[in-house]
Amino acid sequence: MEGVLHQVLSGIASGGIYASVALALVMIYQATHHVNFAQGEMATFSTYIALTLINFGLPYWIAFVITVVVSFVIGLLIERILMRPMMDAPVLASVGVFIGLLLIINSCTGWAFDYMIKTFPTPFPGGPVLFSGYVSGHELGATAVTLVVLIAVYLFFRHTKLGLAMRAAAFNPVSSRLVGIRVGWMLALGWGLAAAIGAIAGMMVAPIVYLDPNMMSGILLYSFAGALLGGIDNPLGAVLGGFAVGIIENLAGAYLVGTELKLTVALIIIVSVLVVKPSGLLGRTVLSRV
Amino acid sequence: MPVLLEARGLHAGYGETHVLHGIDFAVEQGGVTALLGANGAGKTTTLRAICGMVRTSGEIRLGDERIDGRATEDIVQRGVAHVPDGRGTFVELTVEENLKLGAYIRRDRDGIARDFDRVFGYFPRLRERFRQQAGTLSGGEQQMLAIARALLLRPRLLLLDEPSFGLAPLIVQEIFAIMHRIRAEEGVSILLVEQNASLALEIAEQAYLLETGRIVISGPAAEIRRDESVRRSYLGY
Amino acid sequence: MARNAVVAVVLWLAAALLPVLLFSDYHLFQMTMVVVYAIAILGLAILTGFNGQISLGHGAFYAIGAYVTAILMSGYDVPYWATLPVSAIVCAAVGFLIGLPALRLGGLYLALTTFALAVAVPQLLKHNALEPWTGGVQGLVIDKPDPPFGLDLSPDAWLYLFSLFIGGVLFLLAWNVVRGRIGRAMMAIRDHALAAEAMGIDIALLKTRTFALSAMYTGIAGSLGAIVVQFVAPDSFGIFVSIYFFVGLVVGGVSSIGGAILGGAFIEFVPNLAEKVSKAAPGAVYGVILIAVMFLMPAGAAGFIGALFARFRRGTKSAVVASAITGETGADKLSAAAALPGGADPDAGGNRSL
């Protein structure tokens, strides 16, 4: 029984990471109907930036904030420069561009920061803390950070004018222009925000899985599964899906298939969702006109 | 009466298709101008041309500046509110959010609050459905929402694309009655595109008839309404 | 058409004889890998280019083919050439099975799912339960086969000719399929599935069969690759294998048979050159070229060459050569140059809440 509790709590901690990345994916998907295959690489790159700043001597949280801001700008620039022309392109073309982006960022990360595995510091007091040692200090802290981020994003979108404009631009770009919203910039902001969220997720997960250029590929997979499970056009669904996947993955890894097959669990979730209910648990079924 | 919007030699099209072939028209300040014509005549394209949503050549003047070639967002900033065909409602958002978006470019909090009240005066049903998701509204209510949203811009020029489309006759009457009020009370100039010519001619002062991208008849609405031969051959009643 | 065929055969024979006579063993090894990759990419072209099902996970079939061959050769002493039919059947079956759920997935979701498959494959291959066969993390080592009948050829030369022969057969088969009724049906599904269905094409059957055929090709390529490289290990079959096949497909020409050869050459030689600059360079080069192709040359190198030669078309020899090389079969609907999703429909975008 304690084992289950431990797995669940751990699952919530990693679920927070997946929820964040899933949210980033859904934000971009909602606005553009594209899946950002390069989301993981962007987050990894951001995490390396943070490490560089920390090694430079900056205190953790200062490096954290700078990294978030820099990542925001990078995301914004990627959208403005690369994604604008690809807005209406056919699926294959956009998939190609995203994969290309994945390759470029992955290579840049390897080139700029080398391929050795590195440790990444955590700002939270280490060692098992709460619930008689079921949760480490970092897991708790990371969960708290991701929850704060998710709530902040929610409040931003629901209760600010800019957040409303961004949602409007994602849902209906034509009507948005007709009320004076600069849709292009809303998309760029969305990308910036997604990149920033990804950076935070990367910095929270790096102390656990160690930092190397391919750190996020598995996490990206879990996040895909979470986003699909919750509904790829539903931010709340994506978040819940991310947490769910975290818990499922941990429980399945501990009791069903062994930790070596956890990625397969993600794959099974993805296939099951897409085959049984493609819009996800909370998504709307979209009918398309022939 | 001074002219608010004027188009000269306006051509417009989509990709390879050339829809408008050099039309001239004008919307008088404070009045209602009707743009009539059958399906495919180019009425919607004309409104889109004014808003910079399609490729154009020729001149479009709003007040004393040219707006042809400008981005839609810039034209909206200059006080042009467009209620597109199909309403253009943000169906995933609530009525409240739709209305707030109408006032997106405005900064005057008090003015916006007063305008909300005025708009509820015209469309009390919107106040009832304030927090409802806009997609769940009926067709007529969505049309009201679209008009209300446009009014919240406090526009100089209101473009209405087929407000009667797809609505039951009673609802259409209700909406047009409200439009008479709006015209009287708001002082906004209106360019009304309609297939339902009789309704449009009742409310308009000036009218233009489009046929395959060209203006074939223009003049005071009252005259056109009286002219039986025009009504029979072009307007179908 | 006959002239095209003659030219193609001549080129193929030249490709067979000249390298064997002129190249060193190492270069022959590289040429063999070009053939292997070309076959793998051709498999992907069949599925993605001609049938419109985007796969970012074809490395999985490559891995399955490689492991089938490796297991049979090292565990059961099956001769190398006999492993190919087995690999073909296994991969076709797996392809068919994957094609079934894939029926319900449209472009982007299929890309996502196959991406997930590719990421999950190395972990699966390392799993304890399979270790007795797969050799776990260390993988399996295979012996390089000797030329048969005591021919006076180096093993590398023999493998090159062997692969070229298999490749020739497979390319010919693909050529026939694509130009025939099945090919037209495949492309009809790619371009407008609903219309294709209305015309009586059994979409489900054709799509799953195409998946099977595509998987078979890439699986055979995997088998050949294993024989040539003499080694299989889980970590050589990660997500980047699938991604590189995709890059090769796009660069060579998405729905082009001949383009697969260009793509194969691209992914064999570019890393070699790029790695001289830095370890990270190959990925960056791929990424930049991939994006550049999407923007500038959506029909890939084959399309570019075809267009170039089209200028001189009018019964000249170069036009014949061009069509022989590119094997293009009409409009490349998946490329960005083709009609936008909404066409010229002015009502596309925004919503109509009627």
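Chains here go by letter, A, B and C, matching the order in which they are written, and residues are numbered from 1 within each.
The rule we apply is simple: contacts are C-beta pairs under 8 Å (C-beta built on N, C-alpha and C of every residue); 3 or more make two chains touch, one makes a residue touch a chain.
Because the structure is predicted, anything quoted here is derived from the model rather than measured.
Note: the chain lying farthest from chain A is B, by mean C-alpha position.
Centrality by Cα centroid goes to chain A.
Centre-to-centre spacing of chain A and chain C amounts to 32 Å, using the average Cα coordinate of each chain.
The centroid of the Cα atoms in chain B and the matching centroid in chain C are 55 Å apart.
Centre-to-centre separation between chain A and chain B, using Cα means, comes to 43 Å.
Looking at chain A, one finds that residues 171-172, 174-175 touch two or more other chains. In chain C, the residues that reach two or more other chains under the touch definition are 350-351. Along chain B, residues 84, 88-89, 91 each make contact with two or more other chains. Interface residues of chain A facing chain C in the complex, by the touch rule stated above, are 33-35, 37, 82, 85-86, 88-93, 95-97, 99-111, 115, 171-175, 217-218, 220-221, 224-225, 228, 258, 260-264, 266-267, 270-271, 274-275, 278, 290. Those residues of chain C lying in contact with chain A across their complex are 48, 54, 56, 101, 104-105, 107-109, 111-113, 115-117, 119-120, 123-124, 126-128, 194, 239, 243, 246-247, 250, 254, 278-284, 286-291, 293-295, 298, 334-336, 338, 340-342, 349-351.
Those residues of chain A whose C-beta lies close enough to touch chain B in the complex are 161, 164-165, 167-168, 171-172, 174-183.
Those residues of chain B whose C-beta lies close enough to touch chain A in the complex are 51, 53, 72-73, 76-77, 81-82, 84, 88-93, 97, 100-102, 104-105, 149, 153.
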